[in-house]
């Protein structure tokens, strides 16, 4: 509305969140970036200052590239990054394959069912994420529910190793992030005009054909939003691999945390963080583009 | 209100194109046009929701450039009524007065007064979703009028109402306006609405005002083919000006297959192609040929639309051209009226045609 | 429709997938055995773990801290998030809009370890520079939580405002209300449901957060998720099952009550609108 444009109070209203986010979101990243170039020290805080001050004059700036060199040369880090991307990608795919039919079914159901089903999808989301991952420990461990059931049914004779495997991590991520995939998909599918499908049928297309040529392309923005909402945070996941994941191959979130808490090596941890961000910068920008179009293209 | 050279551009084409117009105190002025004609954009600029790209607006001599909607002596009745759903009728109407920092007592008194005028006193504590369309409209009207604005802007005021209610509301609006003396500016695409409500009409097309006048002026004295065709139905015939005198003109029309004699002069270059506009109700149908050789045409009745009070006859002339004639159903028995395929003569008075050069 | 069957079977399987773990957790919370998943038929079902929970000091203290943190964070997030949502929905283009929009959507997907690390480093740097915040504690957790939950509120508010009839705000301005009055008397009351669900969303996310809290919490401030996490790293524990069941109960109750209430309100509105249009 143009009338709002000239109002002087506007700048203040914009400034408040701007300031908050600049200080608490933007500046921290700059600090992380700066510290990734510092040297570790046995001090509190455990890193050397970047800029040498003496009598209020900048005397020297020490950039310590060894942290990054370390990351690039040590096999552990490269494999952790690649592993994280692989796990996140596979989990995203499974999430999509499971979540799409669910979202579709809800979008196509009658109004009464819709609300109930949405409630059922949202309910696990409102209960603790941590506890739901914990629930899977109870199911997957050697004397857990799944093994006990299979053993008692004599399908297997020895417990399966389900914990601390890739499989466990996939299940954990898909399970926790499923609502994040379903909701954007549902929001998109719900807006579809069902008469389009009727027109396709009228023109001779079988249901699967109509789905592939009409529904699927139109749901692309929803698919993109859902996949990015799952993939990006999954790359840096910490809780799920800690509780369910392998001990011989770590995900990068775990690596960062270990560097920070176990090794007290803040600079290396910062370097790890910066490299994660570099990896994710393109997906994050993609996500922002998709968010913008979905939110601002409303009728 | 004075509108001076106002233009509004969104992107490439101008929505409002160099409009200049004076509106007088106490009148009901109607902006009539189709969708995309720019009438709503112009109205929003008067209210202050859009700023003109060029030109100025003056109310009582005061320049409105840069003045926000909340500070203008103008109030608007929105097409969707825009009643605040979380407030009762009373609170809705009182809202505008509360912004003027009046005393509680005065607000209560004026609210009661205006609700009485619009006959909504019984509904004071109802919420908008508990009201019907017509009731919502009266509340919206009350809410705008209670502030005693210099100017009331009405955006398609009767559009959302069904036909019976529309007629009733038209007369109510006129009565209220006369009683309170507020200047109305109405925007509408419905010419019936414009004709009933307006003291003057401004016809808009492609962002420009193409003609201003009283309803009579617009209907009987259109200045362009567009206006003639837009307001009411009209028959247009092309012809050549063969005689051009101060007190009469003659036009030969191939389409009509006749010579048209018009009993007033027109200002135009001689020997030029013009359009002759004759309204359907001004044409008479006879079974026998009327006297005189001019202002007569011959054809066959092709279609008849029975409207109850009138009948519309589509007559195909010998030249092939279709002419629309409206006759009141003076006789009750169908047998006495004209039937399809009947061979008939059309005629009109010399004062009926309007000669249009553009 | 054929694809209907496929989708609906997928839905049923998906729902089962979602609920089986939760149900198993609930069921085993009544199991007498310390091994949790081995059912001790002789002594179960029992409520002993629930009783133990209610006398577990550290857990209760952590829970109380988490509630206070979550409530404060949610309230802060609602104020800031509503502002941002309003600015992005209503202010049109302005200088710095892309940056603001980016800073608002990025936290939605940012991996928590990065958010946690960066905020801790900020607090440390601030402490060095100006002496505040002094050490880490409840305040730093709250500040951190506000920062990343406000994005969720902003998204909810922005999408609510996008579908909002602007003519209501225009009408208010037309009647003489200044923009601030319009916001507080017209816009805010009408987007209140969105703000409330934003508050609940922010509360849940804050209540549930373990990673960021681990980074920015102090020695004296342990949140409930932190307590739970350190417990479950060592394996399953029956009192965690009991806790989980209680939480599921509270959430389920909350959702059912609010849905029923909303349903009743909508039904009543519909009836009233119908009566109104019938009686004109």
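By written order: A, B and C. Residues from 1 in each chain.
Rule of thumb we're sticking to: contacts are C-beta pairs under 8 Å (C-beta built on N, C-alpha and C of every residue); 3 or more make two chains touch, one makes a residue touch a chain.
Only a predicted model underlies this, so the values are computations on that prediction, with no experimental measurement involved.
Put simply, the chain farthest from subunit C by mean CA position is B. Of all chains present, the one whose mean CA position sits nearest the global mean of protein CA atoms is C.
Remark: subunit B and subunit C have CA centroids separated by 55 Å (rounded to whole angstrom). The centroid of the Cα atoms in subunit A and the matching centroid in subunit C are 17 Å apart. In terms of their C-alpha centroids, the spacing between subunit A and subunit B amounts to 59 Å. Across the assembly, subunit B contributes residues 48-49, 68-69 that each touch 2 or more other chains. Shared contact sites, meaning residues of subunit A that touch two or more other chains, fall at 1-3, 7.
Contact of a single residue of subunit C with at least two other chains is seen at positions 170, 173.
Put simply, subunit B touches subunit C in their complex at residues 47-49, 68-71, 74-76, 78-80, 82-86, 95-96, 99-100, 127, 129-135, 143-144, 147. Contacts from subunit C toward subunit B in the complex involve residues 165, 167-168, 170-178, 181, 185-186, 189-190, 269, 272-273, 275-277, 279-280.
By the touch criterion stated above, subunit A contacts subunit C in their complex at residues 1-5, 7, 9-10, 13-14, 16-18, 20-29, 31-32, 35, 45, 98-102, 104-106, 108, 115, 117, 119-124, 126-132, 134-139, 141, 143-145, 148, 175, 178, 207-208, 211, 228-229, 232-233, 235-239, 242-243, 253, 256-257, 260-261, 266, 269-270, 273, 276-277, 280, 283-284, 287-288, 291-292, 295-296, 298. Against subunit A, the residues of subunit C that register as touching in their complex are 1-4, 6-11, 14-15, 17-22, 24-25, 28, 35-38, 80, 83-84, 86-87, 90-92, 94, 96, 100-114, 117-119, 121-122, 124-125, 128, 143-144, 146-147, 150, 155, 158-159, 162-163, 166, 169-170, 173, 179-180, 204, 207-208, 210-211, 214-215, 225, 228-229, 232-233, 235-236, 240-241, 243-244, 247-248, 251-252, 254-255, 259, 263.
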